[in-house]
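Working notes, beginning with the structure itself.
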Amino acid sequence: MLEASNLECVRGERSLFAGVSFRLDGGEMLYVQGKNGSGKTSLLRMLCALTPAVSGEIRWRGGPIGKLGEEFRSELCYLGHQNAIKEELTPLENLLSSARLAQEALDEDAALDALALVGLRGREDLACRYLSQGQKRRAALARLVNEKRALWVLDEPYVALDPAAVELVAGLIGTHLQAGGLAVLTTHQAVSVPAAAVRELWLGDSDATQRPQ
Amino acid sequence: MLRAVIGRDLRLAMRRQADIVAAMFFFIIVVSLFPLGVGPEPDQLRRMAPGVLWVAALLATMLSLPRLFADDHRDGTLEQLTLAPQPLGVIVLGKVIAHWLVAGLPLVVLAPVLGIQFDLSSDALLVLTVSLLIGTPALSGIGAIGAALTLGVRGGGVLLSLLVLPLYIPVLIFGAGAVDATLSGLGPQAHLSLLGALALGGVFFAPWPTAAALRVALE
Amino acid sequence: MTDRVINWYKYASPQTFYPLAGKLIPWFWALAALFGIAGLTIGFLIAPTDAQQGEGYRIIFLHVPASWLSMFIYLVMAFWAGIGLAFNIRLSGMMASALAPTGALFAFLSLWTGALWGKPMWGTWWVWDARLTSELILLFLYIGFIALQAAIDDPRRADKAGAILALVGVVNIPIIYFSVKWWNTLHQGASVSLTKAPSMAAMMLWGMLLCALACWMYSIAIALMRVRTIMLERERHTDWVRALLSGNGHDTSRHP
């Protein structure tokens, strides 16, 4: 479903990686690994069509993502380094407005349930600037609870979370994969996602190899 | 979709009312400084009034423009907006409308009160208000291009003025010109209809280059 | 068909364009000198003294070409910028950046010589004449373009942002021009027009056209030189630039 061939990434004057290729089908997860500065985030942003690849091509269901445009974006859920949480809004408002902007139907009860699930019960109506770093991350990850879109691209989803929350997020990803979804994620933590076909991609200094797992 | 963007931006602005109030006071203070600078002679003030009010409106708009995208850029919301399954131009249009409601409309409401300081007749006050009502949306639309181009750039605020103010000149000319025409006994219709054309162009054409500039800024 | 496409892309690659531009530059300099000498000879020695304006009018031999070029270069710059944006060709973006300073220079020259001409003719250095005001705004647009590109570190991003700005500017220039013209009441008619031919002797027109050609050739030469410098700077980590620089290593005067 998601195919990348011969991707190259240049930042400034340095080539971060070249010749990155992989293929990901329904129910599979891709772990992107590598040192700091090896281009993990850049690769994820390329997969979202935020950054154009210097060379190479990314295809979704056979079509190049640049051409698919909105068709591709309506199946994509991206969670970046930054939480995309508005400090002035409450977790509930944040969750509802991000669902509305993504044109997903989410009623208030479902949103409250999702926030309770990620452990923000009792904080729903508190402006996000009063939340701790981990709680903000939880508020951002609450999006995933009712997320039905097929491709999840998650940049360091476990960062700033306590072990219980890490377990929870891994469970959400597992459920998503079992339902036939795809996930691409970067992390420095070794977390096992339940019942998933895992592929790994190592980004080296200038070339990348796909290690069989 | 448009309503979702506008609603979200208005809600955010309401949680940060201090910004709106600061821009309004800036407008009031700049306009009030002119009589102090040139003297209280009513004839002269009346002649200056359209230009002064319009230039102050331009500057007050400049003050609120950098935040149009900067906050969303910083916390990652802008990425989510560009990844939404709609054309980015539509989202930008929503943000431009919200910006006008928050930054432009208060200027329109304040203008007649400030016009009284300059001894304008009621006809001229009416035309002044109407010209601002028609013209300020163009300021928000054209300004959005500059705000997107200078997103995350060194010295963005000053650069934004350098890029946007020259593009504001036609709006200034026709806006202030409409009031001038009224003062000198000619009808303001020609000026106002040209201003209307600029506003339509600014609001509906400008979101597309703005969207392109935002994508460049996010690369 | 495909051959032609490949050829275009071949010339659009900095590696091919760099030596080509190097060969062309002397020719454009020569043409600029030739047209310049001819134009100035006509302008200063042959063209008759103007009945109303005396000798002072001769500044138009620089003033009018400078104004033409300042506008024309903005169009060319916007054209290259647009091509670069649409087809993602690096060379186009470099051309646009290379043209901007020359355009700004001509806009400035046009204002400067306009002021020098205005003092004896109108009795003042500056009037808010429609064309002077538009020229000033054009200078602002050039400065905005240069400042925006200078403020962005990543050259690719700078090219794209500059291209968007140039295209927005090119759409706005007519609007700005007509609004300024509308606003202005002191306006003088354009100095070159066929209907007003009697006011300008044929010799004057020839002198002006030759000077304009000289400025044009100068612009091409200087833009090509600048684009070569930009290429070396941006591609300094590529093999061809390294080879080029090491090959010229013995030539210490050029590459110390």
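Just so it is clear, A, B and C label the chains in written order, and each chain counts residues from 1 on its own.
Please note the rule applied: contacts are C-beta pairs under 8 Å (C-beta built on N, C-alpha and C of every residue); 3 or more make two chains touch, one makes a residue touch a chain.
None of the values given here were measured: they were computed from a predicted structure.
**Q** Specify the chain with the shortest distance from its C-alpha centroid to the centroid of every protein C-alpha atom present.
**A** That would be B.
**Q** Specify the chain most distant from chain B by Cα centroid.
**A** The chain lying farthest from chain B is A.
**Q** Averaging over Cα atoms per chain, report the distance between chain A and chain B in Å.
**A** Once rounded, the distance between the two centres reads 37 Å.
**Q** Quick one: chain A and chain C, Cα centre-to-centre, how many Å?
**A** Result: the chain centres lie 48 Å from each other.
**Q** Would you kindly tell me how far, in whole Å, the mean C-alpha position of chain C lies from that of chain B?
**A** One centre to the other, that is 33 Å.
**Q** Do you know which chain B residues sit against two or more other chains?
**A** Within chain B, the residues that touch at least two other chains are 219.
**Q** Could you list the positions in chain C whose residues touch two or more of the other chains?
**A** Residues of chain C touching two or more partner chains: there are none.
**Q** Can you check the complex and tell me which residues of chain A touch chain B?
**A** So the residues of chain A touching chain B come out as 48, 50-52, 70, 73-74, 76, 78, 80-89, 93, 97-98, 100-103, 127.
**Q** Would you tell me which residues of chain B are touching chain C in their complex?
**A** Against chain C, chain B makes touches at 145, 149-150, 153-156, 159, 162-163, 165-167, 169-170, 173-174, 177, 194, 198, 205, 209, 212-213, 216-217, 219.
**Q** Within the complex, which stretch of chain B touches chain A?
**A** 1, 4-5, 7-8, 11-12, 15-16, 74-77, 79-87, 91, 218-219
**Q** Which residues of chain C touch chain B in their complex?
**A** 85, 137, 140-141, 143-144, 147-148, 151-152, 156-157, 160-161, 164-165, 167-169, 171-172, 175-176, 179-180, 182-183
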